[in-house]
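Below you'll find the structures, each written out as structure tokens.
Note that subunit A is present in both complexes that follow, paired respectively with subunit B and with subunit C.
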Partner chain A sequence: MSEDVRIKVEHLTRVEGHGNIVLNSKNGRVEEVQWQVSEAPRFFEAMVVERDYSELSIITSRICGICSIAHAFASLKATESAMGVKISDQTLMLRKLALHGENIQSHILHVGYLVAPDLFGVGSVFPLINTSKEAVVKIVKVHRLANEMCDLICGRTTHPITTVVGGFTKIPTKKELIDLKARIENTIKTAGDVVDIVLANVDKLPKFTRETEYIGLTCDDEYALYDGVVGSTDTGKHEVNEYESITNEWVVPHSTAKYAKHNRESYMVGALARFNLNSAKLSPLAKEVADKFGLKTLCYNPFMNSVAQLVEIVHNMEDSIRIIDELLNRGLEKEKIKIGVKAGHGIGGVEAPRGILFHDYTYDKNGKCVKANCVIPTNQNHANIQKDMELLAPMLLTNEKTEKEIELNLEMLVRAYDPCISCSTHYLNVKFV
Partner chain B sequence: MKPRVAFFDFASCEGCQLQVINLEESILDLVEIVDVVSFREAMKEHSDEYDIAFIEGSIARPMDEERLKGIREKARILVALGACACIGGVNSLRNQFSVEEVKKMVYADTDVRNNPYFDAFPLKAVDEVVKVDYYIHGCPIDRDEFGKVVTALVLGKKPEIPNYPVCVECKKKGNVCVFEEGKFCLGPVTRAGCNARCPTSGAGCEGCRGLLDDPNTDSELEVLQKYGLTLQDALDKFKLFCYKSKVKK
Partner chain C sequence: MSKVGIIGVGNPLRGDDGVGILLMEAIAKRKPEGVELIDGGTGGINLIHDLAKFDLVVILDAVDFGGECGETCIFSVDDVLQDTGEIRFCTHETDLLNVIKISKKLGESPDKIFIFGVQPKDFSPKMGISRELKQSMGRILDEFYDKIKTMKETSNF
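The block that comes next holds the complex of A and B.
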């Protein structure tokens, strides 16, 4: 379009946290295009200093309401590594199960409540309650199951209670796990229906590609979520302990969140990155879902992140059934936790729903935190969102789109990343001592 | 006409608004009795005309303070949603340092002066800026309690917020006292309403719902002494969610 465009989306909706989109063009040429993060900084680094090791996961899970379990686990892994605490196989399996629950919860929230309105051409899920009630009820059913999983394993859906350094304060009973398994089996079909609903509207997702680097956990024996080394589609494998040389964070003036870059000027983390790195290790049904959408590695279309999330939802469910079977076979045992408090430094890396997450703590001999650093998935995506926008905006301007359509496409781009902006302005990354 | 309801968030994890979404099928009932006119996390539409405003998060900057005052002017009823809004929550842990110290720790060499996004002051709870009509406590809020408060407000009644300790709910559930297991618990002085969720999950109460209006500090001291703990232990623990609360004695 040849007219001048002035777009300012202040406080973008249907994303977690506060961000703005700015696009100014003159005679069809982009003068300014920017993804801005205006969220209030929260200064988590000041919150954790001098706090006891047992409180770190309680405080840092509050970085994010949607992925509080992933934060708790990255935190516990860092603390356990610092103090040389080994966890049991049972604890490992229960943590993996909880992480599956949270991944489903976060992904269905994003695809069902935040992205779907764009596919149906409405402003929120509320009008869909009247026009497409059946679809909404299916989305709610998957969401409910995910929350029940987190409730059962963690004592609460948001901000886990039972997950502590070294293990769990309470574990589910055999009967509870058998019930959960039945409910997951019963809901896999519903998840398949949600897949079909999105599939029927997938043409609404823009066909846009930009080559970039994808980073996420990877390991040989499973689709990595809880454990693994850092994988890059550009540079191969790296140790988790080298995370700072991968994330390379810096501050920009128009954002209260930091930016990150590795091999190129930006990289992407999250479901699409994990799919691009690890798709061969997906469960059989999840692979079928990917095939339905024609999703193949390497996919360079950021809008397909929502599709990769659907693929993961099915994988999370199938793998949860496998884990529950294994737990039931072994038998559940109440375990005693013993921690030998000592000074140390540890790094924990897990896959949060939105991508790879690192916590890095240093403790003194009394177990008080003296230094902390967290690198958040959305921080790692901000630069990639900006670079996508710089390529997408001129395309939209030449494609005879109205200002409204251009605005919607830019909004959809940011939403596709499922940004968690409160997370990304946590600011836990400055050195103490 | 159905009451018009709006949700707003400030410095927080947005986990309390998430609990509203986590009402699952009950959301369908909720939209039968209220009109949700603004909920940025979930909807694109926005209206400045609302009766009830729910505020999540604590207040960190002058620009946030102005925004909150604007909301107060428009809302007939203003409800603080969750620990960050009600008592400062974990956010207020940073108030142990001065703003200058905190900024220096965080931004180091980057010049953030004259940038309103970074213009933080010591963190405030919502009622340190505007009048709050009702409080829904907790980190995060309890979704059933949220449902009860909304129902009361729609019926024009005053929502009942418990003013008795977590121990009452914990005993009702028949839990073994977590002090017996060698764990620390703030249940004796913390406001109930969570159905003793943490002790029921084998962990001590962290005080996320804040102090009771008149906490029985004598009985807390008694409990602490019984298990060989000191008042300082309790005060340190209480800082997690209510850094500014003054516990007498």
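The block that comes next holds the complex of A and C.
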């Protein structure tokens, strides 16, 4: 279109937190295009200083109301690494199971409630209930199962209370795990129905590609979510302890959240990054879902992040059944936790639903935190969103789109990243001259 | 036997907005038999899963109905639920009535939902309710039991 465009989406809806989209063009040329994060910083890293090691995972899990389990686990891993605490195989399996639950919970919330309205051409999930009630019923069923999984393993749907340094204060019973397994088996079919519903509308996702770097955990023996080294599609493998040389955080004037860059001017984390790095390790059914969508590595279309999330939901369910079987075969055991408090420094990296997450703590000899740093997935995606927008906006302007269509496409781009904006806003340490 | 739930909602970090949670904690000390109590926190979409468990739900919340601070009211959702058309939806901005609306449309909402509301005074960011509300908590609790009793007697329950 040749007309001048003035788009200002102040507080984009159907994302977590507050961000704005600005596009100004004159005579068909982009003058300004920006992804602005306007959410207030939240000071968590300062909040935990001088707090006891046993409190950190409880406090930092509050960074997010959606990926609180991933925050708790990154926190526990950092503390356990600092104090030389080894966890049992049973604890490891239960943590992996909880992380699967949270991944399903977060992804179905995103794909089902936040993205689906765009695919069905409606403004929100509310009109969707009127027009596609059956679809929403299935989405809610998957969401409910995920909530029950988190509830059972972590003692609460969000903000876990049973997970502590070294293990669990309460573990599920054999019967509870058998029931959970049956419910997962019963819901896999429903997840497949959700896949088919999205598949029928997938042509609504823009066919846009921009080559970028993808970063996430990777390991040889499984689709990495809880453990692994840091993988990059550009530079290969790196140790988690080198995370600062990967994230390279920096600040820009228009954002309260930091940006990150590694081998290029930006990189992407999240389900699509994990798929691009680890798709060969997906469960059989999840691979079938990827094939249905024609999703192959390396996929450079950020809009396909939502599809990668659907693939992961099925993987999470299938792998959960495997973990439950293994736990039941081994037999559950109430384990004693003993921590030798000491000074130390530890870094924990896990895959949160939105991508790789790092917690980095230093403790004094009494187990009090003296320094903390958290690098959040959405932080790492902001620069990539900005760079995508800089390429997408001129394309939209030359494609005879109306201003409303351009606005919707830019909104859908941000939404595809499933940004958790509140989590990503950081304390800015400034010194004035 | 019908399943009855009492769900306290609100944000204890926003002054009087936390009164629903405080009330729920107080009711827990004199819990009516056969009733499940739930701390619904700041609500959000997850409440649809809690609502689906029950046949009858009483939600405790701070409600600005233009009364005096500490004044109480009990009402059915149908008394206030209006179709406002397009509703903005964010994970942090799903209000209680919208959640109930989704639950009803999905056909899994309890047969009856009542809201026991307490008129707040101060929603500013701080922990703890205002002095006026704190002083009225005993009376508010009595009014809760009275109103529930009256509703039972008039078969509204």
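Annotations
Definition applied: the second predicted complex is superposed on the first by the 425 of 433 C-alpha atoms of A that agree within 3 Å, B and C clash if a C-alpha of one lies under 4 Å from a C-alpha of the other, contacts with A are read in each partner's own complex, and residues count from 1 in each chain.
The criterion applied here is as follows: a residue touches a chain if its C-beta (ideal position, glycine included) is under 8 Å from a C-beta of that chain, and two chains touch if they have at least 3 such contacts.
Predicted model only: the values in this text are computed from it and were never measured.
After superposition onto subunit A, partners subunit B and subunit C are found to clash with each other. In the superposition on chain A, A:His143 makes contact with both subunit B and subunit C.
With both complexes superposed, B is the one of subunit B and subunit C in contact with more subunit A residues. Of the two partner chains placed by the overlay, neither subunit B nor subunit C lies in contact with A:Gln386.
Within the superposed three-chain model, A:Thr362 lies out of touch with both subunit B and subunit C [touch as defined at top].
Once the two complexes are overlaid on the shared chain, A:Pro41 sits against subunit B while remaining clear of subunit C.
In the superposition on chain A, A:Tyr113 makes contact with both subunit B and subunit C.
Of the two partner chains, subunit B is the only one touched by A:Glu55; subunit C is not. In the superposed pair of complexes, A:Asn409 makes contact with neither subunit B nor subunit C.
In the superposition on chain A, A:Thr233 makes contact with neither subunit B nor subunit C. Only one of the subunit B stretches 79-87, 115-123 or 223-231 carries C-alpha atoms that clash with subunit C in the superposed arrangement, namely 79-87. Residues 13-17, 65-66, 109, 113-114, 123-126, 129, 136-137, 140, 143-144, 147, 157-158, 422 of subunit A contact both subunit B in one complex and subunit C in the other. Those residues of subunit A that touch subunit B in the complex are listed here as 11, 13-17, 38-43, 45-48, 50-51, 55, 58-59, 62-66, 68, 109, 113-114, 117, 123-126, 129, 136-137, 140, 143-144, 147, 155-159, 161-162, 164, 168-170, 251, 253, 255-256, 422-423, 427, 430, 432. Interface of subunit A with subunit C (complex): residues 13-17, 65-66, 109, 113-114, 123-127, 129-130, 133, 136-137, 140, 143-144, 147, 157-158, 422. Subunit B contributes residues 10-19, 21-22, 24-25, 27-28, 31, 36, 39-46, 57, 60-61, 64, 89-91, 93-94, 96-97, 101-102, 105-108, 110, 112, 115, 117-118, 120, 139-140, 197-198, 200-203, 206, 240 to its touches with subunit A in the complex.
Looking at the complex, you find that subunit C touches subunit A at residues 44-46, 48-49, 52, 86-92, 98, 101-102, 105-106.
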